[in-house]
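In what follows, subunit A forms one complex with subunit B and a second complex with subunit C.
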Partner chain A sequence: MEYFVQLSAIVWKDLLLEVRSRERIAAMGAFAVLAGVLFNFSIDTTAVRPQDVAAGLIWMTLVFGGLLGVGRTFHIESQDGAMQGILMSPAPKDAVFLAKVIANFVLLYAISLLVLGVFALFFGVDVRNNLGWVSLILGLGSLGFVAVATLFAAISTGTSMAETLLPILVFPLLVPMVVFGAGATGRLMAGRPFSEVEGNVRMLGAFAFAAVAAGAVLFRYVVEE
Partner chain B sequence: MEAVLEARGLGRDYGPVVAVRSVDLTLGEGEFLTVFGPNGAGKTSLLGMLGGAMRPTRGSVSIRGETVSLSDGAWRRRVGMLSHRGFLYARLTAVENLRFYGRLFGLEDLERRIPERLARVGLADRSHFQVRQLSNGMRQRLALARALLHDPDVVLLDEPYTGLDPRAASVLRGVLTELRDGRRTVVMVTHNLKEGLELATRVAIQVSGRFAWEGVADAVDREDFERHYHQVVEDPS
Partner chain C sequence: MTTVGVRRGATGLTLLGLAGLVGLYWLSFFWVSTEATQGVVQRIFYVHVPAAWTAFLAIGISALCSAVYLWLRDDRLDRAAMCAAEGGIVFATIVLTTGPLWGRIAWGTYWTWEPRLTLTLLLWFIFAGYFMVRSATDDPDKGKRYAAVVAIVGALDIPFIHLSVIWFRSLHPQPVVAKPEGPTLPGDMLTTLMFGLGTFTILFFGFFLFRYALEGLRAEADLRARRSAA
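Let's turn to the complex of A and B:
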């Protein structure tokens, strides 16, 4: 029981700070909208159908935009040494990690739905028939992404090259997520049935689960000096 | 007397630099150790290791017989630390900061405990101010309330008087005096000879990472201590 109280305290604190500062959500949201606008102008619609490339661009926007926000997840802790305060408390390290993942997931999932809306608007993508499944796929992708990015943000925060280091560490690990996520999203957007992408979704779920579990185990080795 | 806080051969290196050499320490209930020393003497590193915030390069620390490490342990509930930094969130109010740490420590009576602690450090009327709206002295007092919120057995204080105006220093002195209740073990590191001696039961002077001099506070000639301190710092051998 105490575990969940500690976990929820960190989730509450992270989300409350984000509501008050709006630093990360504003950066990610602005990036998502601007990326959608720029991608819209960058595509020659006489050569390719926007709907055919939308899925890949949605996932790229999610990955780059997500890194803007999730990469700063430990900056809010570093201002007055608060991370040390958390680490010196009896809260288990895996609870700290899971709380960070949950708070980041809430933010990124909201952004992923915004990205979907932006691309539906600019690329003429119609996902009304498969909205539930696409939302599930974006949710699983967001969860896997935040698990990997949160762990590596803990590693890179405090280094002199944090902003550069994080994408270099994270992007190679996200290849499976992008492959399965973009593949499934593209087919559903094309109106194909869910049964055709079920395998992709299972793999995406497995990736998210593995990333969360590995992060929960490894986090203590990252934050313990 | 039962040992509450024990350190054996405690040392810490930063690459080739030896910050803390080999500190042995045994403190019981009710003891208040003040560690004086010049900048770079290794006082903050010593405190970090005693509180489990920093891994020792050699030696060990235990609190009531339980070995202190960076990993989780019941001993964490017994330690309260006031560092150079307050561990506070600028956009949370004083109450929200304390409630957050109270929940991390699994405290159940926060509705009673938080107003009580805020009143004790003179911040009852600022309880719903965000930390960024508080002065440095108020933040320091709030950080002290945070450090003592869970009623720790061992209190570690790193230069607690730094940046405080006379009123804030007076409030802090009152709270620290209350810590001498015979139940707690306190280690304070400071440059401030007057404040440091006032509350101490034991005194040490740390130079170049080791205790160059130790004594019982009652036996210290307070008028003469400053001269003695400078002698020790200049010639620690």
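Let's turn to the complex of A and C:
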């Protein structure tokens, strides 16, 4: 019980900070919209149908935009010794990690729905029939992504290369998420039934679960002093 | 084991491995029969497959030593993990150069997103990240912990990457040795392949022990320098 109180206190602190400063959500949101605009001009629409490439582009926007925000997870804590403060609090290290993952997930999931809207608008993608399933897939993908990226954000914050190191560490690990997520999203957008992508969704779920569990166990070794 | 003992073992294994390498080249160029459909180009297989096996073995050792290092905090385990990771990168580079050379003739293209090739490429990048993390920290202990976490997460991700890239598509030749009904490779080819596997494994452990002894000497020298400064 106490565990959840401590966990939700950190989630609340992070979300409140974000609501007040709107630093990360504004950056990620603007990035998502602008990426949609740029992608539109990067495609020769006489050669490929925008609907056919939209799913892949949605996931790439999610990955790049997500790194932009999640990479700064520990930025505020790295100043004025705030990280020491959190680590010295009675909250267990895995609660700190899970709280950070939840707060990041809320942010990224909101952004992923925005990305979906942006691509529906700019690329003429029709997801109304499968909106529920596509939202679930984006949710599972976002969860797996934030779990991996939060752990590695803690690592990269502690190095001299800071955020520049994050994509190098995280991109190779995210291949399964992109394969299963973009594959499922693309098929659902093409009007295929859910039964065809059920395997992808299960794998996305397994990936998210494994990433959260591994992060919760390993986080203490990253932040120990 | 003392550093001198490790170095002796390293020299012995490396010499044995190098002799084996000469033998392997002789076997694969002059002794083994030419494969009927692929022709001469198939001979690269006797280097490619042993290198792949050694790369995965090295990375497995590295991840295992990393996990135990986080538990016991013995610097020797960290050194072993790092030396194995270096070996892994070297042998993965051999896989990534011999694979496309063969693919150019057999598949008509240098690169294709074939599952096993893709997995090796991603592993190469994960372990490149392992060394970048190590070198980008001021505090060596922090670098060791970070690198260990990278190695463990990388190893845990392998099954997922493997499944996902298979899901994506496959045109790699199917396994010819490790199959439930026994190997289907003709006798002389199997002998050459097994000889290659043995040679590469011995060579890896030779290199590994050399690097391990060197890192041990470096740690001793650091300690001495710190003592004389104090």
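By our rule, the second predicted complex is superposed on the first by the 224 of 225 C-alpha atoms of A that agree within 3 Å, B and C clash if a C-alpha of one lies under 4 Å from a C-alpha of the other, contacts with A are read in each partner's own complex, and residues count from 1 in each chain.
Keep in mind that, in the parts below, a residue touches a chain if its C-beta (ideal position, glycine included) is under 8 Å from a C-beta of that chain, and two chains touch if they have at least 3 such contacts.
Since we're looking at a predicted model, the values are computed, not measured.
Colleague: Regarding the shared-chain residue A:Leu17, is it in contact with subunit B (first), subunit C (second), both, or neither?
Modeller: In the superposition, A:Leu17 contacts subunit B only.
Colleague: Is A:Gly36 touching anything from subunit B or subunit C once the two structures are fitted on A? First, second, both or neither.
Modeller: After superposing on A, A:Gly36 lies clear of both subunit B and subunit C.
Colleague: A:Glu224 contacts which: subunit B (first), subunit C (second), both, neither?
Modeller: both
Colleague: Determine, under the contact definition given at the top, whether A:Pro176 touches first (subunit B), second (subunit C), both, or neither.
Modeller: In the superposed model, A:Pro176 contacts subunit C only, not subunit B.
Colleague: A:Leu165 in the overlay: touching subunit B, subunit C, both, or neither? Say first, second, both or neither.
Modeller: second
Colleague: According to the stated criteria, A:Ala210 is in contact with first (subunit B), second (subunit C), both, or neither; which is it?
Modeller: Second partner only.
Colleague: Please work out whether A:Lys93 is in contact with subunit B alone, subunit C alone, both, or neither, and reply first, second, both or neither.
Modeller: In the superposed model, A:Lys93 contacts subunit B only, not subunit C.
Colleague: Overlap of the subunit B and subunit C footprints on subunit A, residue-wise?
Modeller: In subunit A, positions 224 sit in both the subunit B and subunit C interfaces.
Colleague: Note which residues of subunit B are touching subunit A in the complex, please.
Modeller: Of all residues in subunit B, those touching subunit A are 51-55, 70-74, 76-77, 79, 81, 83-92, 96, 100-101, 103-106, 131, 146.
Colleague: If we count contacts the way the header does, which residues on subunit C are in touch with subunit A in the complex?
Modeller: So the residues of subunit C in touch with subunit A come to 70, 118, 122-123, 125-126, 128-129, 132-133, 136-138, 142, 145-146, 148-150, 152-154, 156-157, 160-161, 163-165, 167-168.
Colleague: Considering only the defined contacts, which subunit A positions touch subunit B in the complex?
Modeller: The touching residues are 2, 5-6, 8-10, 12-13, 16-17, 20-21, 76, 79-82, 84-93, 220, 224-225.
Colleague: With touch defined as at the start, can you tell me which subunit A residues reach subunit C in the complex?
Modeller: Listed in rising order, the residues of subunit A that touch subunit C are 148, 151, 155, 158-161, 165, 168-169, 171-173, 175-176, 179-180, 183, 199-200, 203, 206-207, 210, 214, 218, 221-222, 224.
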